[in-house]
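Same chain, two partners: subunit A is paired with subunit B first, then with subunit C.
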Partner chain A sequence: MAAVEGLQEDGHADAAQAPARDAGEIVLKLDNIELGFGGVKAINNVSFEVRKGEIRAIIGPNGAGKSSMLNCINGFYKPQKGSISFNGKTMSAMDPHFAASNGIARTFQNIALFRGMSTLDNLMTGRVLKMRRGFLWQALHWGPAQREEIKHRAFVETIIDFLEIQSIRRTPVGRLPYGLQKRVELGRALAMEPSILLLDEPMAGMNVEEKQDMSRFILDVNEEFGTTIVLIEHDMGVVMDISDRVVVLDYGRKIADGTPDEVRRNQDVIDAYLGVPHED
Partner chain B sequence: MFYREAGIFKTSYAADQALFRIPFDRIFVISVVLFAALVIPVIGNEYWLGSILIPTLIMAIATIGLNILLGYCGQLSLGTGAFMAAGAFMGYKIATAFPWMPIWAVVILGGICAAMIGVAFGLPSLRIKGFYLAVTTLAAQFFLLWLFQKVPWFVNYSISGVPTAPPREMFGYLVTGAEASVEARYLFILAFTVILALIAANLVRGRIGRTWMAIRDMDIAAELIGIKPLPTKLSAFAVSSFYCGVAGVLWAFCYINTVEATAFDIFRSFTVLFMVIIGGLGSILGCFLGAFFIFLLPIFLNSAPGWVGLEVPTELISHVEFMVFGALIVFFLIVEPHGLARLWAITKEKLRLWPFPY
Partner chain C sequence: MLEFWFFIEVVLNGMFAGTMYALIALGFVLIFKASGVFNFAQGFMVLFAALCFVGFLEMGLPMIVAFVLAGAIMVAWAFAVERFVLRYLVNQEPIILFMATIGIAFFLEGFGELLWGADVHPLDIGIPDGAWFVGPDGVMMVQQFDVSAAIIAGGLVAVLALFFTYTRIGRALRAVADDHQAALSVGIPLNQIWIIVWAVAGLVALVAGIIWGSRLGVQFSLSILALKALPVLILGGFTSVPGAIVGGLIIGVGEKVAEIYLGPYIGGGIEEWFAYVVAMLFLLYRPQGLFGDKIIERV
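Up next is the complex of A and B:
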């Protein structure tokens, strides 16, 4: 649990030394993002960056613009102002296909699995962009097309083993319990071999054990595959434990950015999110 | 027991991804195909082959087509009849313009023409979903039939407007037109049915099928995974219309032996839709179950009173047929939206546990 140790050391470290671990290069940078729906400003002039290999949390009260932020990152929403830099390319808005083909994968707050398909097919769908064989080969399902299927199946099986979902391989995901669906959704994102993984409330609605499992998977993904993780989560205990740096949003504005300990001590955050202490 | 699912261990992914994962299924399907190819032409009479099996198999092809679009890709279409008509008329034009062309190539080219027309009418699907898309495909239904009826070029300026299908040979046997023997026509259609069903089964279990199902189940998530909605939907329209077009050519050339637009009216579209719903959305097996069910049910309802010695007026029977038909559609929509194929799957699941309750 390098992340947790790093975090504890950091409690005594100089506050200026922002990242908890060795700071990687900046892989994703958002500058002055503004996004509005009609009269509502969902995101108001927010800038932050994500460094390679870190676990970056975005927290904030309900409606603070966290999910909108993720939606901007993978191109589902187009911000009205600001720019996004990713892979050395600066653009005013991300294109979903560009994001997917350049290794940005995500999970959703409300599970967005393909309910009619089996676990295996859901994970295989995550490999779609990596499969190349044309229509006629697939119609025959023979030769190169079959070899390609087997190659990707083998990769997907490593993820199935990693997430310990072997027994539900052939089960339609619509029939799975909530916690397993969340896990399959993580698997589908991992099947894309992402360089950045966006997790939108991966632990919402889970019990303590499921949360522990999920935290373990997230840390393992981060450590074993070196995947950069951007995470939205409401469980403060989890966020403070596993993340390297935290962005706090409130009413679409950024009110704090730093290590969990810095954020925990920030008066704005305490006021806005963790609650104002009462005198009595 | 002769049907076993347990104790079959796969040692390679190739074996695990086989079309029929249980040996019994494979043997069963192969023997059904062999039976249909070798035994039925010998024992079948003119009526069974010509009036039941031939139209059922052709409709099964069209049903696979619509099932790919509706059951796998989730795009509702009421233009099936029009795409069949497109196949039939373009097949007729090709067959008469190039008399030397082998008949199988005519059928495939007719299907490809229908596919292109299907893609054109599938373009609105990027913006329009569900029932609204159904209405735009309805436009295809009315527009295309109107076009084929009003423009004499499509029927080579035939005086009657209803040209007969040109006779064509394959392996030295006549397979199209009124003079062709019913066995030859049947085998010709059976070959197309088997090959097309196999191709459809391969497509839906591969990458393309997964992108279709992803669009059907959760189009937003699919887009964020990197699946482009428009090409995916259009590929489903293309493949679907290709199957409908092939079914249309066969219907005109091998079944009714004339090329006429009225054979592909809105009722044809609805019949195919019923077959998909009753057979099972998202199941190739269901296409055959649905087609056979809808073709055999009227025959059963017609003959059943006779079997038990009841004298029922024909008028009444045809009314009862409509009522039972409608009631069954409602029944399936309420009880089992996934149709006969799902009922079959549930039966298998229940029998796996039987006689234990869990």
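Up next is the complex of A and C:
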């Protein structure tokens, strides 16, 4: 029950963190989202908003609807009810292409990399939408298209440096160890120069050292590029350390929303994680 | 010495046949790469494209116009397939997509017959049909038609291989084949990619249909030819364009050489089944083919 330990332990970072952060404007707002699969309600009337420049965590026990929530945000799932406001536009559902072209990038719980391709090529796919030349130009692959390719290649190199993955540039990602694959996946998302980055359990299955690295990368991305981050994570210690505000879901409902400190003290949250004794 | 020249002739003939197989296999590879699906309809696309081409020729249109029109029809066909079939099957199991291509195949066969009738259409596009005699005293005979066909097929294969290896479409294509969701998440337009590969597969089918059609006549058995592409694919790997070429050459040369040199000992007709036996051996020992992506399953 590492999760519970983290939950009850006193935070050491947020004391300094909480007052230092300005609340930015709202960049993403989800209103009364409802999503069901057949008879199962994955998300039940959940609303929350994400402010510019913050690290927003979504936590909750398994099956709480966290990943479904991310899938709604980037348009893989279309909620049956509710609305999503993003960039001043309100819509009933997101479209994956719209999301990607408007700066929402994501990683996946089960790594979704292009396994047969090298690290470099994986990152280059993140530049697809940034390339102005149409498909025909790319097919010809000379002149302007080639100059453009070089420019994007240079950008991708800065990300490779940033994530310290220079040595695996040419390695097919299918061959990399798990922790590095997670890092490449983050790299691909960063290559899109996102304004909002959705991370689905970026530290799942990592050892302590890898977790520290990943936390550092997430904080650096947030600080250096000003990227807004929405993150799902099970490791409570990490969540409480790095996030500004936390949404807690349980069985598809929102049971708490606030700073890590507030959430940690919330009785519903403690019940959801520890379980409540049944009366009968 | 005569023996040697004869051997060369057999091998060359095999290679010519092989490039023709490769041409058919190529269409399968393109669609398999982009959607992980064996396109059952590819053979019927070859037939349909050839029927259109011949149909336009018989209307008295110049050859180049007929070619462009038939090509345009194949591109329109790609749009239609995406719009009415594939769009609804994103993220479905490969077997479901496969079933859909079977449906597409039967539709196309019926549609082709409806438009152009079921007769055998002779096709002559002016490929020289004589023979060259080379070697000392001209002991070796080379069919001019075979050479022309091999050059066309080889050129097409080379262009496509370069196109998909060195351009960004190639990268997007491999991305789509690897993971639909991840491709969508970086904003690769899945639908556009599908239109592109089906259109290119359609154009390849047109070229294959014209070449095979001018050798055998444009007839409905052309669609069965596609079966010959299966062993080529198993050998070369379903995902590799160069694999389709090498696979085609190996099958072509293998069956000719086996026919000539093994035939006398174990009875003739080896050509008919040789390819399938080779394919079976490959399935047993190297299921991903010579150049295919290695299949790794996490347990």
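Keep in mind that, in the parts below, the second predicted complex is superposed on the first by the 247 of 280 C-alpha atoms of A that agree within 3 Å, B and C clash if a C-alpha of one lies under 4 Å from a C-alpha of the other, contacts with A are read in each partner's own complex, and residues count from 1 in each chain.
The rule is short, and it goes like this: a residue touches a chain if its C-beta (ideal position, glycine included) is under 8 Å from a C-beta of that chain, and two chains touch if they have at least 3 such contacts.
What you see is a predicted model; the values in this text were computed from it and never measured.
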Original post:
Mind checking subunit B and subunit C on superposed subunit A, clash or fit?
Top reply: clash
Subject >> More subunit A residues in contact [subunit B versus subunit C] >> reply: B
Original post:
A:V128 contacts which: subunit B (first), subunit C (second), both, neither?
Top reply: both
**OP:** Examine A:F76 and indicate which partner it touches, taking first as subunit B and second as subunit C; both and neither are also allowed.
**Re:** both
**OP:** Go through the superposed model and pick first if A:F114 touches only subunit B, second if only subunit C, both, or neither.
**Re:** both
**OP:** Based on the superposed arrangement, let me know which partner A:A100 touches: subunit B (first), subunit C (second), both, or neither?
**Re:** both
Original post:
In the superposed arrangement, does A:I150 touch subunit B (first), subunit C (second), both or neither?
Top reply: first
Original post:
Where on subunit A do the contacts with subunit B and the contacts with subunit C coincide?
Top reply: 74, 76, 96-97, 100-101, 105-106, 108, 112-117, 121, 124-126, 128-129, 131, 135, 138-139, 141, 149, 188, 192
Original post:
Taking the complex as given, what residues does subunit A use to touch subunit C?
Top reply: 74, 76, 96-97, 100-101, 105-106, 108, 112-117, 121, 124-126, 128-129, 131, 135, 138-139, 141, 149, 174, 188-189, 192
**OP:** Provide the residue numbers of subunit B that touch subunit A in the complex, in ascending order.
**Re:** 12-14, 16-17, 19, 199, 202-203, 205-208, 210-211, 213-214, 216-218, 220-228, 235, 282
Original post:
Of all residues in subunit C, which touch subunit A in the complex?
Top reply: 163, 166-169, 171-172, 174-175, 178-179, 181-189, 192, 196, 293, 296
Subject >> Residues of subunit A that touch subunit B when the two form their complex >> reply: 74-76, 96-97, 99-101, 105-106, 108, 112-117, 121, 124-126, 128-129, 131, 133, 135, 138-141, 145-146, 149-150, 153-154, 157, 188, 192
